[in-house]
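Naming follows writing order (A, B, C and D), and every chain is counted from residue 1.
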Amino acid sequence: MTFLPGLLDTEAIRKDFPLLDRVVHDGKKIVYLDSAATSQKPRQVLDALNEYYEQHNANVHRGVYLVAEEATALYEGARDKVATFINAPSRDEVIFTKNASESLNLVANMLGWADEPYRVDSDTEIVITEMEHHSNIVPWQLLAQRTGAKLKWFGLTDDGRLDLSNIDEIINEKTKIVSFTLVSNLLGTHNPVEAIVRRAQQVGALVCIDASQAAPHMPLDVQALQADFVAFTGHKMCGPTGIGVLWGRQELLEDLPPFLGGGEMIETVSMHSSTYAPAPHKFEAGTPPIAQAVGLGAAVDYLSAIGMDKIAAHEHAITEYAVKRLLEVPDLRIIGPTTAEDRGAAISFVLGDIHPHDVGQVLDEEGIAVRVGHHCARPVCLRYGIPATTRASFYLYSTPAEVDALVDGLEHVRNFFG
Amino acid sequence: MTFLPGLLDTEAIRKDFPLLDRVVHDGKKIVYLDSAATSQKPRQVLDALNEYYEQHNANVHRGVYLVAEEATALYEGARDKVATFINAPSRDEVIFTKNASESLNLVANMLGWADEPYRVDSDTEIVITEMEHHSNIVPWQLLAQRTGAKLKWFGLTDDGRLDLSNIDEIINEKTKIVSFTLVSNLLGTHNPVEAIVRRAQQVGALVCIDASQAAPHMPLDVQALQADFVAFTGHKMCGPTGIGVLWGRQELLEDLPPFLGGGEMIETVSMHSSTYAPAPHKFEAGTPPIAQAVGLGAAVDYLSAIGMDKIAAHEHAITEYAVKRLLEVPDLRIIGPTTAEDRGAAISFVLGDIHPHDVGQVLDEEGIAVRVGHHCARPVCLRYGIPATTRASFYLYSTPAEVDALVDGLEHVRNFFG
Amino acid sequence: MYQDVILDHYKHPHGRGLRDGDAEVHHVNPTCGDEITLRVKYDGSRIEDVSYEGQGCSISQASASVLNDLLVGKELEEARQIQETFLTLMQSKGQLEPDDAMEEVLEDAVAFAGVSKYPARVKCALLSWMAWKDATAQALGELAERKTA
Amino acid sequence: MYQDVILDHYKHPHGRGLRDGDAEVHHVNPTCGDEITLRVKYDGSRIEDVSYEGQGCSISQASASVLNDLLVGKELEEARQIQETFLTLMQSKGQLEPDDAMEEVLEDAVAFAGVSKYPARVKCALLSWMAWKDATAQALGELAERKTA
C-alpha cells in the first residue's frame, strides 16, 4: 500500500459509506471516483434521515404539538449547524434551497427585482468567468436577457487559471455583481478570491461565490471570503439530494425582494397584499426540505468531527499522487493545473484521441466510476478545443489504491483501443 | 370499535407507518390528525430511500458507469410512476420541483416571461379564489405587481363553498390564467372544476389546479380535469419532503420559457447564449431531488397498491363520522362544509371562544396532534371573521377511534377552560 | 404550562381596555394571528398607564394582563429591567428555574417559566411585551420631540 | 458492448468525408458533445450517397460507418425500414435478441444490440441515424419543391 503523509484513516471512514461496498460487473468492488458529481452518504446521515421520518416527522414552524416542535427544532438546528460550519455571523443568513443552482438563481432574481442600489438593469453589467458551471452561467444569461444588462466574463489561461490581467476593465463602475466559482468542477482550479473581491469592492459591486466544489473539501469561512453571497449544495458534501444553501449578508437579505412566494415566507397575507417574514424565511417558500436539512446537519457534524482541515490535507495528498501517476500515462493530457497547488481534487484529462465516452465505458467494466462529458462546463471544453473530458474526482474516502486502479484501468483502455 | 362501511384495514396499514407508534407525553400513543400539513411515511418509502442511497446513489443523466445508469433509471422511473398515477398523456409532462409552492411559482413565472399568447402583462387579468393556500396567492400577487396585471378572485359563500355567481364577470376576455385549489386545506371544500374550466376555455384562459390536498386522497386524472397545469407536493402523499410535481400540457411546456437556469436544463451552452433541453428537463435546473423522486415513486406504488378509490372511500367514511361527532360537541362550529359531501378529510372548527392555540396545546397534552392557526390561508379566516381555527385532518391510516379520542379531548379542553 | 395564575389572568384580565395614551401600536403574531393594540401613557419617566385590547390565546392574553400589573406605576428604568428579565426567562427553553430574586422582579410572571419550553408559544407570551417596548419608544420619542419643539 | 465489428468500423470508417449532397445537417448530442455533419444525395428515390464528418465516441463513429454501408444504393422505402429496425433494436434495452430476419436487414448493425443496454450510449448510436432522417426530409422537401417549382 502506498503511504502518503496527511492521509486520513480511510479504512475506518470507508466503513461509514455503504455504497463503497457495492459490487458491480461480475464481482468487482466499485472504485468510486465521481464525488465531484455527487458524494456518497455516510450511515450517520442515513440514520438521521430515518430517525427524522420515523420519530419526528411533522410540518415545521406552525405546530403546537410535540412532534411538530421537534421537527421545527431539528430543522432550525440544522440551520445552526450550517451557520457554524461556514462561520456565518448570524444563523438568519443561512437560506435553505433545493440545490446550488436554485441558490444562484435566487441571487440573480433578487437582483433583477431589487430596488437601487442593487438593481441589475440595462445600464449595468454582470461579471462571471469562463470556467463556471452552467448553473453559474445560465441564471446570469437569463438575467441579462430579461433586464438588458451586459454579461462579461474572465477568460482562462492555457494552464487552466483565471486570466485576471484585464480585471480593471472587466469589473468597472457599471458592474453590479461578480459571480464566480471558488473551485472549478472541471479544471479543479482553486481561484484567487481576494483580488476579485478587492476590485469588486472598489467599484461597489456585489460578489457571489459558487462554493459547490469547495464546501465539501476545505474549511469554508464566509467572513474571511468577504463575499456577499455564497452558494453550495448538500449532495456533494455527504448530505442528501434535494438541499442547497445560500448564505447572504444580513443587510442584503433584509433589503432584497423575495423570489418564490408562498407559505412560510410571509408575515401576513390578505387578498390585496402581503408582507414578508424576515430572512431567512422570506426566501423559503413552501414546506422546506425538512428531512434533507436534518440530513445536511448530520453531514456537517460528520465532516466537522473528522475536521475540514484534515479532509483538505487528505485530498491534497491524494491529488498530488494522482496528478503524478496520471502524467505517467502515455498520451494523457490533464485539462487544468498540472500540479496539486491551488487546486481541488477533481482532475480532468483527455487520453490521446480516445473519446471520453469510450474511456468511461471501458473503465466502468473494470468497476471504476468516473464522469465523462463536458461536466456542465461546456465553455471550458470550447476554450481548450476538446469535445469532452474524462474526470476523476476524490473525496475523504478515496485511497491511493484507487488512484492506482484508475491508472491501471487507463492502460487497459489504451490497449483496448490501441 | 366503531364499524363504518368503506373503511380500510387500518390495523394492517398502520404497521407500515413507524411514526404512528410514537409515544408522547408520559406514555401516550400519538393520535396524528395533521396529515393535511404533512403525511406520515410508510416503511416502504423509507426503504426505497435507503436502498437508493446505499446501492444506487450517483448523479443522474450524464454517467456512463453502472451506478449512474441505475440512478438515472430510478429517477426517470419515478417520473413514469407519477405520470401513470395522474394519468398524464406523456411522461415528459411531469416536472419534478421541490414542493407544490415551487410548482405554482414556476407557472406564474413562465407566464410572466412568456411570449404571446400566454404572456401576462398590464392589460391582462389573473384569477384565483379566496380559499387558496398562500402558495397559490403570493406567486400571483408577485406576478401582478411585477407585470401590472390585475388580480381578481372568487369569494366564498357562508357555508364554505366558492361563490361562482359572478363567474362570467370574474373570468373574462382579459383573463390569462385561472388558478384554484381542487380541495381547500382549511375548509376541506372540494371545488367544482368543470364549471370553471368551461368558462376559462370560453375566454381562452389557461387553468392551473392546485391539487396538493387532492393528489394524496383521491384518484387524480389530469386529462379528466382538462386543466393546463396541475401542481402537488410529495410530502403530503406519503412521500419524502423536498419534492413536488408540476404537470403541464406538452405544447405549453414546449412554448413556455424556462424559469431556473443551470445544469441539466440546457441543450448547449456557450458564454454568449444557451439553448434549452426539451421538457421536462427544461424546467429542472441543477441536480434534481433524486432520492426524493425515488421516494415519491415508492409512495405512489404504495398508494396505488391500496387503491386511490379505496383510500377516498375510507376518508369519506371517516370524515362523515368525524363531522357527525364534532357537531355533537357543544359550542363547536365547523368552518367549511358541515356534511361529508364534496369535501376532503380536513375539518376546521372553532370551539366557543377558546383560542385554537389553547385547544391545540391541551389536545397535545393528551397526545392528540392537530394543527392550529390560519393554515396558510389567512384570507379564509378574514372572510369568516375568526383569528384562526383548529384543524383535524385524516388519511388512509386514520381510525374512528382517533375521531373519538379527538372528541373526548375537546370535552377535556372545554372543561379545562370552562 | 397552564398554571392557575395564567388561567386566572386569562379569565380575569387586569387593566384591559383602551384608555388615553401617548402612543398606540398594533402588533400581530403572524404564525397564529394573535393581535394586540396597546397604548402607553407616561408621566415624565413614570408609566402612568398601559391599556390594551386584543384577541389571542390564553398565553398572550394573560401575559398582557401580567404586564399591566407589573409595569403600571413603575419608573421606565425599572420597567425595562422587568421586561428584560421576562425576556430572559422566556428565551430559556425551560432550562431556567426562577430563583427568589427573579420571583421578586417578575411576581406572577414567573408562572410563564413553563411556556418557555414551547417555542411556538414563546411568541404569544412576548407579544404584549414587544408591543410595550415599541409603544414606549414611540411615546418617548414623541415626548422628546414635544420638549425640543 | 464493444464488439469487434464495432471497433473495426470505428478504426476504419466506411464512406467518411463530406462529398456533394442535396442537403446537409449538423446534429449534436448535448450530453456528451458528439457531433456529426451529414449530407445525403438522392437520385430520385434512390440513395446515391451519404457522406459525413464528425467527432465522437466509437459508438457514434462506428454507427455512422455502418449506416453508410447499409443505406447507400438503397431505395428510400427500404432505407426507412432499415432505419426503423435499427431504432427498434436500440430502444430494446437489451431485451431483444436479433433473429435471422433482423440480421438480414441490419447486417453489421446487429452488433449494436449490446449498446441498447446502456441508455447513455443509445443516443450516440442513433446520432447519425437521426441526422440521416432529418437530412432526407430536407433533401426530399427540396426535391419536391424543385419539382413543383
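The rule is short, and it goes like this: a contact is a pair of C-beta atoms (placed from the backbone, for glycine too) under 8 Å apart; a residue touches a chain by one contact, two chains touch by 3 or more.
From a predicted model like this one, the values you see are computed outputs, not experimental measurements.
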Touching chain C and also chain D, the following chains: A, B
Interchain centroid distance [CA atoms averaged], chain A/chain B, Å: 31
Distance from chain D to chain A - Cα centre to Cα centre, in angstrom: 39
Distance from chain C to chain A - Cα centre to Cα centre, in angstrom: 46
Residue numbers of chain B (touch at least two other chains): 62-64, 68, 266, 268, 357, 361, 372-373, 378
Residue numbers of chain C (touch at least two other chains): 31-32, 118, 121
Touching pairs - complete list by chain label: A-B, A-C, A-D, B-C, B-D
Chain A residues within the chain C interface of the complex: 61-64, 68-69, 72-73, 266-268, 277
Footprint of chain A on chain D - complex, ascending: 1-2, 7, 31-35, 55-59, 118, 121, 124
For the chain A and chain D complex, residues of the former touching the latter: 355-358, 361-362, 372-374, 378, 381, 387-388, 416-417
Partner chain A, residues of chain B touching it in the complex: 18-19, 22, 24-25, 30, 32, 34, 37-38, 40-41, 46, 49-50, 53-55, 57-59, 62-68, 98-102, 104-105, 113, 130, 133-139, 141-142, 146, 151, 153, 233, 235, 240-244, 258, 260-266, 268-271, 273-274, 285-292, 357, 360-361, 363-364, 368-373, 375-376, 378-379, 382
Residue numbers on chain D that touch chain B, as the complex places them: 28, 30-32, 118-121
